[in-house]
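Pasting the structures here.
Same chain, two partners: subunit A is paired with subunit B first, then with subunit C.
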Partner chain A sequence: MKIFCSKDSLISGVNAVQRAVSVKNTLPVLSGILISAEKQSLRFAATDLELGIRCEIPAQIEEEGTIVVPAKLFAEVVRKLPDTMITIKEENLAITIYYYQSEITLRGYDPEEYPLLPDLIDPMSYTIPTLIFKNMIRQTIFSCAVEENRPVFNGTLMQIEGSNLRLVATDTHRLAYSISEVENPKNASFNGIIPAKTLAEIYRLLKDEDESIQISFNKTQVVFQFGLIYLVSRLIDGMFPNYKQVIPQTCETKINLSVKNFLEAVERASLLSHDKSGANIIRIKVESTQLKIDQTTELGKISEQIEVTTQGNDVMIAFNAKFLIDALKVIDTDQIIFELSGPYSPGVMRPLDNPNYLYLVLPVRIS
Partner chain B sequence: MSQLTQALTEVEEKLRSLLEEVNQLIPYVKALEEENIKLKRECTLPEKETERVIANAEHIQGVAHDNLERLYHEGFHVCHLHFGQPLEGDCLFCMGFLRKD
Partner chain C sequence: MLVTSVTGDKPLNHSDTCKDWTGLRKLIHVDMDAFYASVEQRDDPSLLGKPVVVGGKPNSRSVVSTASYEARKFGIHSAMPMAEAYRRCPQAIFLPVNMPKYKKVSLQIREIFLTYTPLVEPLSLDEAFLDVTGSTSLFGSVDSIAWQIKQRIKEELCLTASVGIAWNKFLAKLASDLQKPNGFVFVQPNKIQEFLDPLSIERLWGVGQRTSEQLHKLNIKTIKDLRHLELGYLIQQFGVLGNQLYQLARGIDERPIEPERDVKSIGRETTFSVDVIDRDALETTLLELAVDVGRRLRKEGLKGKTVTLKLRYDDFKTVSRSQTLDQATDLDEKIFQEARILLRNVSLKSSIRLLGVTINNLSSKCERQLSLFSESDEKLEALAKVIDAVNQKFGEKGIKRARLL
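For the complex of A and B:
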């Protein structure tokens, strides 16, 4: 293999696939990036057998070939290269990178040992405008569970039904739900749990100039294609719980408040609410036209007051500040409706005049 | 005159046979009435039995719900996802399940 390309192209290829490189040392070849020079493109690929990413970058190919290079080292070398035309040559399972009058040689792995990224056979496919999908990911992904004891919560439920596309994520303490209307001419239908890591990668790699993202799927895998990127991911095995059952249909207190004012007040109060156990609990009191956050801790005292419009009962309730901040940061409207039903029932945030998003958060029981 | 006597005799015989017939019918009607009462009783019994079963089921359900609620408040999951596992804070699915119940 012998190719010529720019440093920027190499960096974009490495950046695109690097997060799919396996961090577990089960199979040494998986800690590498597969580089293939074919026809007029240079292709980078990486997989940890759960997630696989392939990316094409422009390059001048003089001699075709394939090699697996150690990902971490190759990425660091590429980032430190000068801004000039780079020549890469592969010989005897090693690559030599030439720039100016200098060169670096890195040992590689046998590409024959590298697993192929699967192409789905007879998949159903669906196309979504990038901006819509990116926003839906942003508004839901933070609610996925981090702990790995229950895999179904480490992903986001994606449902395609008619013209409706839904994303739902929960860690059992909070739940984020987003729905959009998207054209579905082939009437594709899908119901699967996509790992949060996969969606985070898509979010990171999707560029605003990518107009649409094509999703293809079968029962166990899903493929996302956009720009020059092909991303294949395993679906999480298991049944996502009935999320509709947990959404309260009624409420005792309805508060209409400004997202910005509430977010800033919660963020300030949370600075004083960190206790020794790591809990970050803030106490909220809603009385007719005022929402108050009074916090007294070992660190100091804060008293926040926001003008709000309320309907229903006064209430005193405590929340994990992080759970409120996470949602308030992704809500796009200026105002929200915050629905509460006493100090023990979940609170529901809905953007004002936007029925397509909902965030459910459990309060913290306080003495 | 003899014609009249004969006619009376005939009427008497007819009445006698009618009475006989009525006498024969009486036990039959009695048996039918008894059977009707028995059948009525049989018909109403399952209804009562169903009511009893429903009431019992509701009672058991109420007790089961109370037990699950108590289990939840003692700090264990009651949702099918984590049933019996210790709670770490409240669980949306347990609360949804208890509310729906």
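For the complex of A and C:
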């Protein structure tokens, strides 16, 4: 293999694939990046066998070839290269990088040992506008569970039904739901749980200039293609619980409030509610036209009061402040409707005049 | 006079009003002599003057809890395997550990302490620190209080204690240990260096085998030797411990008396009479331990978030594995489930000698984050309450899991 390319191209390739490189690898070769120069295109690829990313980068190919380079070292070397035209040559499982009068040789791995990123056979596919998808990820992904004891909650449910695309994420304490209407001429349908890590990578790699993203899938895997990137991910095995069942259809108290005022009040109150156990619980009291947060701890005391419009009963309810803050930060509208039904039932936030998003949060029971 | 040690007579009259004590605390460390064995000897006079060893069964693999001074002459000491103790002194009287009895006596001793000061920090059943700084105007000088306590333990409970008096915990504990048994050692603030200098560095709090080896390599044997080292050098050699060594070598220790220590963890472990490798048998024992830990959590009104499994292999290699739960729990089932997952992830390459379960990250808060899609714990909680109540009334065997029959 012999190729010529710019430092920037190398960096963009490394950045695109590096997060798919396996961290706790049993196979040494998986700690590498597969570099292949074929038919006038240079490709970088990496996989941890759950997520695989391939990226094409602009280069001039003089001689075809493939090699696996150690990812971490190669990435560091590339970042330290001078801003000039770089020549890369591969010979006997080693790669030599030439710049000005200097050169670096790194030992690589046998590319034959590197697993192929699967191309889905006979997949269903579907195209959506980037901006819509990116925003849907942003508004749901934070609700995925971090603890790994129930794998279905470590991902986001993606559903394609007719012209509806839904993303649903929950860690059982809160649930974020986002729906969009998207053209679906081939009437594709899909129902699968995509690992949060995969969606986080897509969110990171999607550029605003990528107009659309193509999603292809079968029963166990899903592929996302956008710009010069091909990303394949395993789907999480298991049944996502029936989320529709837990979304309340009625409520006892309906509060119309300003996202900004509420967010700021909750953030301030949470400063005074941190305790040793890490729980961050705030108590909210809703009385006709006022929402109050009164907090007294060893640290001090805060009383927040915001004007709101309400319908229904007065209520006193406690939440983990983080769960409120997370959602208030991603809601795009100025006002929300916050629906409550007593101190032990879920609260539901809906952006005013936007039926496409919903956030459900369970309270903390205090006795 | 630097130090008084008495084995019967009242100490010479010290005046702790001398100006040396200005601004210093007045602490007493009381350490019962061979506590468990002494209680047994007291309650059965036929044991007096005989070697008595309190611990597990003599032919088992358990260890010595306490040996009477007569037994110590044969080289028997706490934590020695019972089999070894038996080999050293087969004629000794071997008694099982009667914890409820020792606890009762320990509480009686604490009652005596509490008549002099509320600042009592028990370290275990048989030793405690007392801060009597504020009590001297009521009860007399610090050494007089210490003497009264020692006498009352002797008269009211027929047991002997060794006491140490000093301005801090480190010196007081060192002092009580110096003339055991029945010791009485008073470290005057202006005599601290004289008191410390001849002692070997192993006496210092924080100096274990490794540190002592390191110090010996530097030809440091006594506290006096250590005092000649500079602070910077000690920190460079021993890190944080270096600073501690520097302070202790000068008799400085500012740790306060902490009357009520919060429970940090609740756990139970057991050593098998025969090493076990069968997973099923291990899991049954694990359930037994989890049930006990759960019961104690509920009794204390606590919930814990982190479950730790401890395993000791037959070669004494010990491993522990922890998992933090989503939500704090006090339920036997949850503790067992987590501990079992941890156990299943450990390789059983050789057989297991000891198994233990501990729960920490405790809180007494009754706040609970509610959840979707999960079975409510309410039923299990109600069940645990009922089982606890039944067992409270009818004893431990009132209701038992079938697996533990």
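In the analysis below, the second predicted complex is superposed on the first by the 367 of 367 C-alpha atoms of A that agree within 3 Å, B and C clash if a C-alpha of one lies under 4 Å from a C-alpha of the other, contacts with A are read in each partner's own complex, and residues count from 1 in each chain.
Operating definition for what follows: a contact is a pair of C-beta atoms (placed from the backbone, for glycine too) under 8 Å apart; a residue touches a chain by one contact, two chains touch by 3 or more.
Being a predicted model, the structure only gives us computed values, none of them experimental.
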Mind checking subunit B and subunit C on superposed subunit A, clash or fit?
clash
What is the contact status of A:365 with respect to subunit B (first) and subunit C (second): first, second, both, or neither?
both
Between subunit B (first) and subunit C (second), which does A:246 come into contact with in this model arrangement: first, second, both, or neither?
both
So, A:173: does it touch subunit B (first), subunit C (second), both, or neither?
both
For A:318, using the defined touch cut-off, is the partner it touches subunit B, subunit C, both, or neither? Pick first, second, both or neither.
second
By the touch definition at the top of the document, which applies to A:281: first (subunit B), second (subunit C), both, or neither?
second
Does the superposition put A:100 against subunit B (first), subunit C (second), both, or neither?
neither
Colliding region between subunit B and subunit C, picked from 115-123, 367-375 or 385-393 after the shared-chain fit:
367-375
Can you pull the subunit A residues that subunit B and subunit C both touch?
170, 172-173, 175, 241, 246, 344, 346, 360, 362-365
Contact residues on subunit C for subunit A in the complex?
305, 326, 328, 361, 363, 365-374
Of all residues in subunit A, those that touch subunit B in their complex
150, 152, 170, 172-175, 241, 245-248, 344-346, 360, 362-365
For the complex, which residues does subunit A have touching subunit C?
147, 149, 170, 172-173, 175, 241, 246, 276-277, 279, 281, 318, 320, 344, 346, 360, 362-367
What does subunit B use to touch subunit A in their complex?
79-82, 89-93, 95-97, 99-100
